[in-house]
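Just so it is clear, A, B, C and D label the chains in written order, and each chain counts residues from 1 on its own.
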Amino acid sequence: MGNLDALNAFLRQSPLHQWLGCSIVAQDEAAGSVDVLLPDRPELHRGADSAIAHGGVVAALADIAAHAALHAKVGHGLPTIDMRLDYLRPATLPLTARATVRRNGQNIGCADVEIIDCDGKLSALGRAVFFTRSTPA
Amino acid sequence: MGNLDALNAFLRQSPLHQWLGCSIVAQDEAAGSVDVLLPDRPELHRGADSAIAHGGVVAALADIAAHAALHAKVGHGLPTIDMRLDYLRPATLPLTARATVRRNGQNIGCADVEIIDCDGKLSALGRAVFFTRSTPA
Amino acid sequence: MGNLDALNAFLRQSPLHQWLGCSIVAQDEAAGSVDVLLPDRPELHRGADSAIAHGGVVAALADIAAHAALHAKVGHGLPTIDMRLDYLRPATLPLTARATVRRNGQNIGCADVEIIDCDGKLSALGRAVFFTRSTPA
Amino acid sequence: MGNLDALNAFLRQSPLHQWLGCSIVAQDEAAGSVDVLLPDRPELHRGADSAIAHGGVVAALADIAAHAALHAKVGHGLPTIDMRLDYLRPATLPLTARATVRRNGQNIGCADVEIIDCDGKLSALGRAVFFTRSTPA
């Protein structure tokens, strides 16, 4: 794998990803990381009066980015085993999620995610664990 | 607090909740629990070929339900500190999230969530931690 | 598997478990749960002035109990993939950890743990995920 | 705060820390990080045949190091709200835990931990959340 077009073609197979309009905008193969951009849209807001993302949207973005980082390594889709999010401060859209593979084992993979808001501030930390074999979990 | 109409009026203030069409369909005040229903819609699907929810959607629903359970106790909105999700099996929409308060402290609250899929099967477990004071975190 | 003597014989193979003096004091095979008792000893205290357990001791107990619950199901040792602890209130020794299997899949298992302190109060919640195959992770 | 002697004097007030023999061996104030060394001792072993640390010991070390990193910032002890551990590979003692503050808010703090084994390999990742006010949680 490796080029952004191929990674984004895979990413866009998911109806959720299509609706969100998210895309992989950068990849660092040496670091095992990808950057996923989530554009602003009003349906993703926590409240009616600002472009602060709902915490559930931040969580969904973290899952998407962590999966994309591992997918770029292993070349197939992977079931998420678990995920955790730490919310550091309100995250105003658009958001960028930088996901970095921390482990790519025979069975288990782990990726860290940093959620960066529209002002470049770190807004949340994510960590997700995946089943990396190509057979079902 | 306490009746479903009031709880749902608060829930629907969020543009994300409006778009998702989720609602609180049951409350057990003695148990400290609420049930949140998430209807099916194609944009929430993981893949194009089934109504299996994207993992990020399951995470968002868990956050919404855990917050609703604590909101029903304390009567105001609360910032999420962190959240974790364990995915047990694919979750076909519509989904019901049952959230139960495990702690409602002066500063910190914690709620557990069970995600039940359209066939009544337990599909995921969530746990979320909130700042319960009415002042900002 | 199934009887407490066999489960405890396995448990005591670990030097840490021997030193802690922990043991499985109850098993409910239908519920998939075990109770692990951790006796008081001064080296486990958080501070010098009380028998409140150090948070790291609570975490270790949760790991031990979750592993014991899954071991009782699958009959062999399992590597922990990840674990999380939520501390609800200070936990005075001796402690009892009740661990219940929530998933026992072909590859992945998950167990919940409740830490009960010497007064019967819920002091902490744990959740741990294991690799359930008998081959290395 | 700041020098290692003062930090270690505080650390050693805990009977568990005394028994473990752990100590802060380095501090980087600019990075908000501390390194905590855990020496080998047989009671910490997972099995009788090697110096691989029990997973519960790794968890305890992560809690200790994360707390030490935040304590070095705020100058008082803090209750742990929650903690999570991801085990990447078996960790042979002695271990070093490098904890780095990711958030030091008015109410909530968060620190990341990397557990490095005797061969310099990354063995586990931890993340812990604390209540940072000097009043009880």
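To be clear about the criterion, a residue touches a chain if its C-beta (ideal position, glycine included) is under 8 Å from a C-beta of that chain, and two chains touch if they have at least 3 such contacts.
Being a predicted model, the structure only gives us computed values, none of them experimental.
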| item | value |
| --- | --- |
| Neighbouring chains common to chain A and chain B, by label | C, D |
| Between B-C and C-D, the pair joined by more C-beta contacts | C-D |
| Interchain centroid distance [CA atoms averaged], chain A/chain C, Å | 33 |
| Between chain C and chain B, distance of the C-alpha-averaged centres to the nearest whole Å | 28 |
| Inter-chain centre distance, chain C versus chain D - centres from mean C-alpha coordinates, in Å | 21 |
| Residues of chain B engaged with two or more neighbouring chains | 81-82, 84, 86, 105, 129 |
| Complex interface listing, chain D residues touching chain C | 13-16, 18-19, 42-48, 54-57, 59-64, 79-87 |
| Residues of chain B touching chain C in the complex | 84, 86, 88, 102-103, 105, 110, 112, 122, 125, 127, 129 |
| Residue ranges of chain C touching chain A (in the complex, touch as defined) | 81-82, 84, 105-108, 129, 131, 133, 137 |
